[in-house]
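Paired with subunit B in one complex and with subunit C in the other, subunit A is shared by the two complexes that follow.
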Partner chain A sequence: MIDASLALVAESEFVRPAIDWHAAAPELILLAWGALVTVIDLIWLERSRRFMPSLAGLGFLAALVPVVTLWASDDSVRTMFDGAYVVDKYSLVLKALFLVTGYIIVLISTNYMADGDYYDSEYYQLIAASVLGMLVMTSARDLISIFVAIELVSIPAYLMAAWRKRDLKSNEAGLKYMLMGVFASGILLYGMSLLYGVTGETKLTGIAEQLNSDGRPLLSLAVIFTVIGFGFKVSAVPFHTWAPDTYEGAPTPLTAFLAVASKAAGFVALLSVVLVALPKQSDVVEPLLWILAAVTMTVGNLLAMRQTNIVRMLAYSGVAQAGYMLAPLAVYSIGELNSVAIGGSVASSIVSYLLIYAATNLGAFAVVIAVARKTRSGEIVSYGGLFKYAPGLTVLMTIFLISFAGVPPVGAWLGKLQLFLTVLESQTVAGVVLAVIMAINSVLAAYYYFFIAKQMWFMPVANQDSAPVVIPAPLKLALLLTVALTLAGGLGAFTGIANL
Partner chain B sequence: MTEFLDTWGITAMVFVPLLGVALMMAMPKTMEPAIKGVALATSLASAFFGVLLLTNFNYDDSASMQFVQDVSWIEIINTRYNVGIDGISLPLIALTLLVTPLVIIYSWNHIPKPGNAKAFLILMLILHTGMLGTFVAKDLILFFVFFEVVLLPMYFMIGVWGGPQRLYASIKFFLYTLFGSALMLVSFLALYWLTGSESFDIVKLGELVSTSDITHGTQVLLFGGMFMGFGIKVPMFPFHTWLPDAHTQAPTQGSVILAAVLLKLGTYGFIRIALPTLPEAAVTWAPWIGLLAVIGIIYGALGCLAQTDMKRLIAFSSVAHMGYVMLGISTLTDFGINAAIFGMVAHGLITGMLFFIAGSVKERYHTLEIKRLGGLLLQAPRMGWILGFATMASLGLPGLAGFWGEFPAILSAYNPAPGLSTGLFRGYMVVAALGTVLAAGYLLWLLQRTAFGKPSEEFADDPEIVDAVLSEWIAWVPFLILIVVLGFFPGLIFDITDAPSTAIGDMFKVLDK
Partner chain C sequence: MFLNQFLFFAAILFSIGVYGVLTRKNGVLVLLSIELILNAVNINLIAFGAYHQDLSGQVFALFIIAVAAAEVGVGLAIVLLIYRNRRSIDVSEADLLKG
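Entry: the complex of A and B
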């Protein structure tokens, strides 16, 4: 038997599928760079620590070059491996997002890691590995490669969450994150296996062809398991419980990474699967996502109001923001679906929001890291009177908070407007009700965002310590980049590139 | 020159203050006189462009939009940078252009605690841009953006420079208005999809609604969303509760701008957006708006009578006065809308003036408790007389501006638009007329208790209590002059507003047939 199958393998000559090297260049560069960093670390050991952050940062920028050239090239859609790997506008925008995010994470990690005396070379290698998974995720249009990409994103993150190994909270963060992540992967895998079982396909477009609209119970089960699996990754309520503890315990730069990049990667996978593989299953997916979106934004906001620690508050606010981003998916049947390239107003609005949300969130975390360098505290009350001794940081943080709250003309209001537009485009009662829930939630959210603003602007200086905050150069650069991107985003700079 | 005005005039007027903001940000905090100079200069530059626009405005054609600039902005959501001025927005723009420089002059030696003129004036200029932008926007999304831009500076102004309850008042103001505008935005976007419009142009949306097959029920709901946004801003009963807190806690400058211009954003929104785009729903809503308006008139007046704080009393009188404006609007007639716009300007001038006085009284007496005040006419006679003048104007004395805001609004309810119940509106008219009696009551009561009599013992020999100083005179005199001039020549405003108001009024006449 074994001999027979071996003979079969030997007979059929393996033909390497054609590879579009240009299209694969971002991933390959990052892979090569990650390997290079590892080797340099092994050869020079301690001597390499000094320049490791800069070197790692350069890798992300280098990988950005082919993304730009691909964007400029004439072929708008490049497919490889029989349509299992697609490089379209959607994936390019997101690749750029992940690479820039990676770069900013390196910037905000530099002094945090060096001052804390942690193993920093390995940290940057793991960041690169995780971002590599995200790059693959944007192009993956096949259940197996999506799953591999998810694991490549997550496993380095489990390690990094527990990076402050002498701190119990960090250990808790890492363990919790890993257990919940593995559990979610199991659920996701189960859903995927059912999808495969029903259709006999792993390629998303193939699944879409095999599925027809009549709802077999098994198929519904497959869809529900898959969506819930992603629900863990994007920290949708009620699958969010890992997020606040993990965020609080993990090193703060890594928290920013989880809150922005890792969550965005989850959204990318969810979008790809829902839009490409399940265009005809809207009767099952839409109600499910409608409920998830409404519950996620409401519960996230209500819990965020009660937080006293700023990182936990940002965690819950991130949960609420995930709810907003899920909202267009609750009406995703409005667009033309089932094509190779991902596009339409649902994907455009979510991607557009992700871009500004990423800039704002990274900026907010950068401020948190900068302030914590002085106060050594994450409590919101420790921001009291920040305006008096750190007016620059206060203005920056205020800009990020305004962006979070969605008040024009700063930052995320435009993304939120696009989410609203898409939800209302359905012109159904369900869509309008969801939009009203979103509107009310925006007001709830403004309450806790402005609670921080209130501390910074209106309150007396906490602990009577008004020594200025010293901000190291990499952090300064990160703040500058994020605030520029946030402001530009609010004026409509990204709507063009996010128009898929 | 006219070519420049025709294309870039409005943009220059709206955005020049932001240049001042950029310049002031670069200046160190210690250069306070220079910072104040820059703030005043930029607000005057904005006013300069405004005056150029006003003098080149074609007054014979005030019903149509002039100086229109319409360029692409955010293409993907079909939003355009589309601005223009017509007879409805012109008086309000003029009011804004007048108020901001005067408030900056008043700030010259009245920067409230805890100081920091730089931040204070930067917020003031951002506020200025937001207010002007709201009045010139012809695109719903652009309107929404400017409508929201004014929120934040006012939030910080109350929160940083306000009174003892400032934290509560600032967040209440912020959340209330944000709630309204969030629902308003949902209405805007739903309207966009339902009409199948290619743009957010207010006029085009109105035309599309009239030809589309949107059901009446849906239109009523859409109007409801807008009503929440504009009604909270006005503020209408029962959404007025943020106003007394915000007014009382805000610094003087904040109160003046809030009363003079910010409240008008709501009433302006009704006239500019809600009525023209959804006329059929407006007819359904009008009796209810009228009802809330007269409740506001009576409730505001009764509220005034119960106040012990001078500033809070003036704040409640705003609720009553905006009730007259809303009553005028709810009649859906050209007469009522004319009255409403005049009422907006008059209320802006008069109540702005009252808040100025209240601020100066507070600065001298360190209290606004009516019980402890008294004898202002003896201690600071000029200020006392100005207070007397402003209260007379506020209670609607003929010959002063307040009369032309109140009286025609009441009169307009005698003959509401066809389709509205005449009996009901005449009932409203009677109630509103009763409101003027109450207004005379609380205003004279205020005047009597603060200005008349002898100063109480604790303030009798207080050296801090002096009469009006130069910066106050410069800030106040234009208000006083305008209150008289508009009282004698109401045509100055009615001539401008009549044509566009008639256009809106005619819409409702046609509707009934």
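Entry: the complex of A and C
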């Protein structure tokens, strides 16, 4: 059998596939830049440490240029390698999201990672490698490249989570993240192998062509394993247990990276697989994702309420928001789905929520990092009386919290509204019930967001120490960028971009 | 073509791997169990590849082997880190973070 297939390959002459260099430019620039900073670090060692963050940050901005030119070009959908690699509006929006996120992460890491006498140059190279994986992920339309992209995102992140080598908490965060991440990859791969077995294709469009609407048992098994694997990656309940522990123990900038970029990458892959490969399998996928979405948002919010550490609270709030983002996927059969390019109201609503979610989360983590510079603590009580000595940070944090809670006109309310409307668009009982669960959860979530606001504005100063917080310039820039994006998002700046 | 045998074998290997991940306390043995899962996937892919007379299953398996090597490299590094700080690789003792 294998001999026969090998002979088949030997007979056909090899033809180099055409490569659209413009479409691949963002990935290539980031790859080259990552290699460049690695070499510079190896040559100059300690001397390059001062300018390494700025140099790495420039790479993300440089890779953003071809994304913008691709957006402006007339070719709206570019496909390479027989449709295994697709650059469409969906992937370009997400590439921009990941590059900007990468840049902001570099800004907030700049004075943080070297703290405690840790060598930090490799950190920026690992961030670049991880973001490269995310860029590939947005365009990957083939099981093999999706798998490789997921691993390229995750493996550097395992290392970065355990960055503080002598800190037991950081060790533990790295260990838990690595074990759960690799285990999840294994389960995901088992699902993918069954998907390949049922169809004989690894390309997502090919899988969709091979599958007809009748659900065979093996196919259901493949879908269940695949969705569980992605459930780990996007920290959906009950596969979320690693997230709060890893978030608390890892260095806080890396936590922001995991909470925003890594989670978004998981969503991107889930969206590609569900929307492109399984458009007709909604009878298997939808109930599964419905349960995941409902349980994730409810459990995430309930557990967030009882947290005393702000990073853990943000972790559980991230779990809850993953639940909101899963909700449109529970009714994904509403759209017309048989094309190479990803689009439609389901993808649009999730992408526009991802954009605003990224801006708000990065901002909240930047405030947490700024405050921790003085208080050295992540406990919520240590935010008492923040307004008295850091009014600027208090106002910013309040904006981010209002955005999380979904109160107009700031931040995430618009994204949340779109998610709601998409779920209601289905006009089924399941859709309406899910929308009601979302509404109840939004109210629940407001409780713990405003609890922090109350601490900052009305409580007495913790430890009687009201010396001002010193914020380094890169962190200031990150705060300004995120608050501007959050406010712009609330006023509808992203809805046009994310309308796929 | 006896596809069934390969699939049963892979399923058993996968189940042993999952059982190992969930019950083993030794960090290295957890990594070993994860390797069992990945090898079950490889067997699946190669069997299906032969069944469909399609090479992409084998290519996929090659990628998994390469990535698994990287994963285990990073994994063992982290386990070694834990050992240096704690003198133990019992994963159930890593319980500083909870709640």
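Methods note: the second predicted complex is superposed on the first by the 486 of 500 C-alpha atoms of A that agree within 3 Å, B and C clash if a C-alpha of one lies under 4 Å from a C-alpha of the other, contacts with A are read in each partner's own complex, and residues count from 1 in each chain.
Keep in mind that, in the parts below, contacts are C-beta pairs under 8 Å (C-beta built on N, C-alpha and C of every residue); 3 or more make two chains touch, one makes a residue touch a chain.
If you're wondering where the values come from, they're calculated on a predicted model, not measured in any experiment.
> Can A:Leu326 be said to touch subunit B (first), subunit C (second), both, or neither?
After superposing on A, A:Leu326 lies clear of both subunit B and subunit C.
> Subunit A residues in contact: does subunit B have more, or subunit C?
Comparing subunit B with subunit C, the partner touching more subunit A residues is C.
> Quick check for you: in the superposed arrangement, does A:Pro408 touch first (subunit B), second (subunit C), both or neither?
The first partner, subunit B, only.
> With the two structures laid over each other on chain A, which partner does A:Leu500 touch: subunit B (first), subunit C (second), both, or neither?
A:Leu500 sits against neither subunit B nor subunit C.
> Quick one: classify A:Val346 as touching subunit B (first), subunit C (second), both or neither.
Touch status of A:Val346: no partner.
> Considering only touches as defined above, state whether A:Leu189 meets subunit B (first), subunit C (second), both or neither.
second
> Could you give the residue numbers on subunit A that contact subunit B in one complex and subunit C in the other?
Residues common to the subunit A contacts of subunit C and of subunit B do not exist here, since the sets are disjoint.
> Tell me, which parts of subunit B touch subunit A in their complex?
For this pair, the touching residues of subunit B are 73-77, 141, 144-145, 148-149, 151-152, 155-156, 159-160, 166-167, 170-171, 174-175, 178-179, 182-183, 185-186, 189-190, 192-194.
> With touch defined as at the start, can you tell me which subunit A residues reach subunit B in the complex?
Per the stated touch rule, the residues are 348, 402, 405, 407-409, 413-414, 417-418, 420-421, 424-425, 427, 432, 435-436, 439-440, 442-443, 446-447, 450, 454, 457-458, 492, 495-496, 498-499.
> With touch defined as at the start, can you tell me which subunit C residues reach subunit A in the complex?
1, 7, 10, 14, 17-18, 21, 27, 30-31, 34, 37-38, 40-41, 44-45, 47-60, 63-64, 67, 70-71, 74-75, 77-79, 81-82, 85-86, 91, 94-99
> Going by the contact rule set out above, which residues of subunit A touch subunit C in the complex?
Answer in residue numbers: 1-2, 4-6, 8-9, 143-144, 147-148, 151, 155, 158-159, 162, 165-166, 168-169, 171-176, 178-179, 182-183, 185-187, 189-190, 192-194, 196-197, 200-202, 244-245, 248-249, 307, 309, 312.
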